[in-house]
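Take a look at the structures below.
First chain A sits with chain B, and in the next complex the same chain sits with chain C.
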Partner chain A sequence: MQKLGDFKLPQFFNYPPYFTLQPVRDTREKQVQLWKELILDYCRTQKIFVIGLEEEFPLFSNPAIERSLSHEAREAFLSALVSEGRAEWLDKRHRKCLILWHRIQEWANIILNFVKENGLEDSVMTVEEIRSGIESRGTELHGIDRTILMRALKLLEQKGKLAIFKGTTADDEGVKFSI
Partner chain B sequence: MAGNCLEAAELTGSGRPTSPTFLTSKSGLLILTTHRLLWLSDSATASSGASAIPLASISHIFSAKKSLKSMFASPRIRFQLSVSPDGRVSSSGSGSGSRSVVVTVVVRGKGGDLDVFLTKFWDNWRGRAWETANADVTSGLNALMSKAREMVMLAEKREQKLLSGSTSQSGGGRDEELGSNKRARLVAECWYYIARHQRVCWCPVSPTIVPLSDFVRIPLERAGGMMNLIDIYCLFNRARGTELISPEDLLQACSLWEKFDVPVMLRKFDSGVMVIQNKSHSDEEIFARIKTLVTKPDALRTGVSASDAAITLGIAPGMAKEHLLTAESKGLLCRDISPDGFRFYINLFPEIDPNNVYLVKDYGVYDTWSRVASASG
Partner chain C sequence: MRRRPGIGGLQTAAAARDQYRLLGENVAKIRTDLMKEQLTTFRTQLEDFARKHKNDIRKNPAFRSQFHDMCSKVGVDPLASNKGFWAELLGIGDFYYELGVQIVDICLATRPHNGGLINLQELCNLLRQRRKSDREAVSEDDCLRAISKLKVLGNGFEVISVGKRKLVRSVPTELNKDHNEILELAQAQGFVTVAEVERRLSWTTGRAIDAFDTLLDEGLAMIDDGHRDGIRRYWFPCVSSISTAVGADT
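And then the complex of A and B:
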């Protein structure tokens, strides 16, 4: 079985039509579905949060069969993820795409569990501490994309689980949990 | 042609035939036209027993000798023919390697007025009607080509003018005018193409006008039951020789078929390509053959191109591509576009389980494909 780093690729990754955007509706729906699954799986295991459409992305080409996705195809597959709430365009021109293998709500739950497991229910942490501190090491939160983390924190803030406040430096913010 | 009708008669040094041999059927009808001398034997059927000599291949007609001897002998017609080295009648005249033979037709029994026949024969031969027909067509095509070129240019100019200026004009009217102009241009381009094509592949064929549906039957069979309309157009006009019909006439004639009980029909593909096909022609049969083709080990691995399919199906590549596209639209195939070209593969997508992308079931084409693909990789 072919691999991309430590990621196991499915058989159909060597099927040339998988890399050509199919024009027939039923065929395309199935193709899009398979690409969505593969993109999410790959990003989850490789901890990839952002895909740049104009940059090299290992999953979008297969040197073994000398095929790669066209720009149109990349945009089509990512747009399909966006329409399901599994991704978001970061710019109007669709050059960068944020991949949400966990939805924002799921990330918010992960944060809640993290807080409870570490007994941080009334504590104060900076956003950077959540992303790269000792407490988050070994959890899914470690190395999380800052945009996603902020979105999840804001969701929790709306629900009254925490308060976000400006930190001492302009580029870091603090979080006061109250669970 | 003379091979099955008139055997070559060798000349001696004095210009007399060495062995005046003749055909098996001695009784028949000799017909003279402005282009040919035809022999219909009494036992002639549609497929055999009729032969012709093009007048163009005759290099000399001997005048009848008026002698005492000829009063008592059966009247005869003698003429000299150019034949190619392999003994076939050639209308190209005395080219390199061509030979001459003298043919003698002996008329026995009540054969009508031979003198009148001989005079007519002489006149027709000297008239060289076949040359004028050719010349007419060539000059006609030249005129058509330049006219078509003029029309294309005119249409282009009008289109540019319409697109560039006068936004004051109401949008609807302008669009309509653009549309009709585009159509005019298309027709002109079509004419130009036909005229050019016609010139290249010109060959003199009997200018008989046959009903279109009869005419297309044989070429259709040869092409596997389906032909592009433009090919039919070329063939038909080539057969007519002069008085070419227009693309609209052809389309109209084909559109009329559905009202009549004819074995052929006009069909328009999703791509817009129009074809003529036998009514007995079945897409299912074609699809079955395509399926067999694309599930062969080589095709599983590398797919098939339109020309691969054309060879296997015994049809023109353009038609093969239409069939492949139709099979694709039915979900039988899917496409692969790469620098290697446009290829079609058996559609494996329906067999893949989206909930378990690593699963390859032990049966089905996906399994076969996996084994073929991993064996090669």
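And then the complex of A and C:
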């Protein structure tokens, strides 16, 4: 099976027609479904949080069969993810897309578990520590996109699980857990 | 017997005809009886054979195929009923029933990709992959037999020949001659273009596009506009094996 790094590509990726938006509705639905799954899987395993439509994203082309997704196709597949709540456009012109291979609520739960497992129920951490501190190593939180992290934290704040406070600079925004 | 004129002569002739007729019927009956006896003997011998070679029949697809041929020559169909001597002795009924179920499964699973038409070779490959752990090997002949049993159940399964290949159809889509010819052309590279169809089959553009549109609508074809020559290609998943579309292996 063809691979991108150590990611195993599905067989449809080698079939040229899948790189052209299909006109027939049922065929298009199947096509969109396959691409949605591929994009999510790839981003999850490679820890990619943002896709730029005009950038060289490895999934957008397959040199082995000399095919690339048109801009329209890229937008169609990502829009499908957005409709499903698995992605969000970061700009009105749809040039950048935030990929939520975990939904915000799922990230929030991951943070809660992280706090419990490390006995941090009443402590204080900076936002940066949550995503790059020693405790985060080996967990899904390590390297998490800041935007996503802040959204998850805000969600938890609304539920009274923590309080976000600003430090002296943006870099040391902090979190006081009260779980 | 001397012919004698007059009524007596006519009666004698009639009696003679009757006797000849009776003789003829007797001969025919004797021949039939003899044949029936021979067939019975043959069938008994076939049953003995099946008993002795039960394992070979189960394990060896080529042997199994020849056994089926022998059976049909004698008018025996081991698959005719799931009960009865043959099915019980060989358990063959179960084997083909199981194959049939797996074939239906595979056809359903691949339908979104190929529109309900799959080539026999790929079907067998997928079947073998599924049955990897089973001791019993499966041949294309086995697939065809299982499918013919499926037909009897009215599942809408059909095997059609297109060019050199056999395709298994699991949807009610009827392919007309134009569609068949396109599929046959497509077997070479997995795709065709309008120009190619016009050239090789001497069709008008309109006729070609009509045929392609129907094939697209049925989910049997997909368009590909990505080649750098800018010419639209129509691909047919049913004539290629998805796992060998571009030499990529599973």
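Assume the second predicted complex is superposed on the first by the 176 of 179 C-alpha atoms of A that agree within 3 Å, B and C clash if a C-alpha of one lies under 4 Å from a C-alpha of the other, contacts with A are read in each partner's own complex, and residues count from 1 in each chain.
Keep in mind that, in the parts below, a residue touches a chain if its C-beta (ideal position, glycine included) is under 8 Å from a C-beta of that chain, and two chains touch if they have at least 3 such contacts.
What you are looking at is a predicted structure, and each value in this text was computed from that prediction instead of being measured.
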Fit or clash between chain C and chain B when superposed on chain A: clash
Which of chain B and chain C A:19 touches, first, second, both or neither: both
First (chain B), second (chain C), both or neither touched by A:38: first
Partner chain(s) touched by A:158 [first = chain B, second = chain C, both, neither]: neither
Touching partner for A:64 - first (chain B), second (chain C), both, neither: both
Touched partner set for A:8, first chain B, second chain C, both or neither: first
Which of chain B and chain C A:178 touches, first, second, both or neither: neither
Shared chain A contacts, counted only where both chain B and chain C touch the same residue: 11-12, 14-17, 19-20, 22-24, 26-27, 30, 64-67
In the complex with chain A, residue positions of chain B that touch it: 303, 328-329, 331, 334-339, 343, 345, 347-350, 352, 354, 357-358, 360, 366, 369-370, 373-374, 377
For the chain C and chain A complex, residues of the former touching the latter: 112-113, 191, 216-217, 219, 222-228, 233, 235, 237, 242-243, 245-246, 248-250
Residues on chain A engaged by chain B in the complex (per definition of touch): 8, 10-12, 14-17, 19-20, 22-24, 26-27, 30-31, 33-34, 37-38, 41, 64-67
Chain C-touching residues of chain A, taken from the complex the two chains share: 1-2, 11-12, 14-20, 22-24, 26-27, 30, 64-68
